[in-house]
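Heads up, the next two complexes both have subunit A, just with different partners, subunit B and then subunit C.
Up next, the complex of A and B:
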């Protein structure tokens, strides 16, 4: 059995497939520090040129919303139909808008 | 589906989400049995990828050409990667990586029994890619639509990578089947030994599969064992014909009414014997994993020590700068 009783920290991996795209979450891995997490992420997630840029973020540093709040957390947006273009009726004569 | 009256309100809501094809994510509420089932299945799947490196590693140093060696190396690296994706997916459910690994090494956790058969010749590397990876792909494609998000996403990556594995294996079989009579005989021998274990990989027949009904209701599984097995047989028999090799089944025939091939009976006693530890390689496989774990301990310890040293140096620089 390995000596270390505590597991290495968990890192979430985000990859930008090519310039112009967002970094996208693609998985996670364990590594003792950020540099090694980056190297492991390269080996695990970009074996076929899937990325040009990698972010690794310690999973414990991510602040996430609670899925149980689904309703109340987002309901301020529910009654604001005027934020959508379809709320506005245009006369038939008006195009290109 | 379970009896509606015995379901709690939460369970009913959960099932409604599943029925609506909503994906379940790690922090969502889920029944404990759903969590347990997934941890068992995903960790077994991870262990299979991980142990699956061993039969192929056996031929790495004896691959017939440098190109074949490089391709086999890439395939084995992929298997390690697939293991990693899957261990990570199981971790999102609260499973501990170290614990899963301990369960593999102690023999408590299972892995696919196909890897307890030996790879006796180079042709076995072809047969594994063609048949074992082919069967795995047949199993894994529907898992890309599994109700648990992280498992489904891991499967999308795995399936993309596996198709190279299967072609790599088929190409080896093709070269051997079109080679010297001895090479063709080697390919036939490999097919003879890997055919039955490959079609047994789909698991026991539908009537005897103990986890199937609930897994189907939860949309962890999308098709029954027998359906997937049939799909694999229908795809593979014409490929064997193309190779000019004979499937080792005297009862195999095409049913023109159903459009499906029908196989002879599968020897389930042999399957269960291998699952329960009586395969030719069960002991070797675990011993090899234990050895790798023990002999890799200094690498893990060195990485931990290096990270600690660098963190300490950074902290000292920060204090000096203040």
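Up next, the complex of A and C:
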């Protein structure tokens, strides 16, 4: 077995700091399975009271966009200013939009 | 009565201090970075509890000894930890075996102590019980994975259990101090904890495909009779305060 195959899978860790907030990506770690990943995440990333909830996701299960697609994915949005909600006056009663 | 309370509190504190120090020995040596952090965290939980217990022990004793005096200026025979916690780390399997057996017992002790008539012990137990619940979970999950893992991990886990199992009868043996504290509504009935401990340990061992050892070692750590391991450990742990008395930073 090659060195690579004996390595534990990589997990991405998402922590929710407080109720009402989103889970945010905070790092990654290695673990043999989901339960151990959760415990490792608890030990590595919530030592200073950062967490109320933890998600762990196998890094290989994350589907990521390809950097080479940058042009076709994102550039077309650059000149569509009309998609921004900045072309009408807000009534004074509507604060903090 | 105050003598018994001092003795009893010292036992609680020394269990935490010595096992905390053992776990700290893993720092930089654990099989993987994630476990290095985990073992350090477990050790620091125990060190925190040790500080609370030893500070209180010094107060009960009334001779002006601080937590540091008790931790760093006592010789091995004055330590009152159970022999299980001073056993060397061995390999990772042995460390997990020791932790499984200890945390399985200590979490039961702390649960009882939350009801203690002594409000300080009850308060320390209240905080500690959550920490040790996690210790139990961590040790149990590892025991299951190693026991039910590869041939090598199974062999090492089983051998680690054999190494430390003999020190477990001491955990449930009541002596004069334990009995006095139980009668006063302060301490836990250690003998009564055995069935609950057996049940939870057996459940893990079955899931881990491990055999329950039957070895018995007559150990009396909590009366101050220690193996040579404790002396070696203290010489390292206490070196700084012995070499530079009163040193602070």
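Everything below uses one rule, namely that the second predicted complex is superposed on the first by the 79 of 97 C-alpha atoms of A that agree within 3 Å, B and C clash if a C-alpha of one lies under 4 Å from a C-alpha of the other, contacts with A are read in each partner's own complex, and residues count from 1 in each chain.
In this text, a contact is a pair of C-beta atoms (placed from the backbone, for glycine too) under 8 Å apart; a residue touches a chain by one contact, two chains touch by 3 or more.
Everything quoted here is computed from the prediction, not taken from an experiment.
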Three-chain arrangement built on subunit A, subunit B and subunit C clash or fit: clash
Contacts of A:61 with subunit B and subunit C, given as first, second, both or neither: neither
Contact breadth on subunit A, by residue count: subunit C or subunit B: B
First (subunit B), second (subunit C), both or neither touched by A:10: first
Subunit B versus subunit C as contact partner of A:78, first or second or both or neither: neither
Subunit B versus subunit C as contact partner of A:93, first or second or both or neither: neither
First (subunit B), second (subunit C), both or neither touched by A:47: both
First, second, both or neither for A:27, with subunit B first and subunit C second: first
Partner chain in contact with A:36 - subunit B first, subunit C second, else both or neither: both
Stretch in clash, subunit B with subunit C, out of 4-12, 22-30 or 58-66: 58-66
Touching both subunit C and subunit B, counted on subunit A across the two superposed complexes: 8, 29-33, 35-36, 43-44, 47
Residue ranges of subunit C in contact with subunit A within the complex: 32, 34-35, 37-38, 41, 134, 137-138, 141, 145
Interface residues, subunit A side, partner subunit C - complex: 8, 29-33, 35-36, 39-40, 42-44, 47
Residue ranges of subunit A in contact with subunit B within the complex: 1-4, 7-8, 10, 26-33, 35-36, 43-44, 47-48, 64, 66-68
Residues of subunit B that touch subunit A when the two form their complex: 25, 27-29, 74, 77-78, 81, 84-85, 88, 91-92, 96-98, 102, 153-154, 157, 161, 293, 297, 300-301, 303-304, 306-308, 310-311
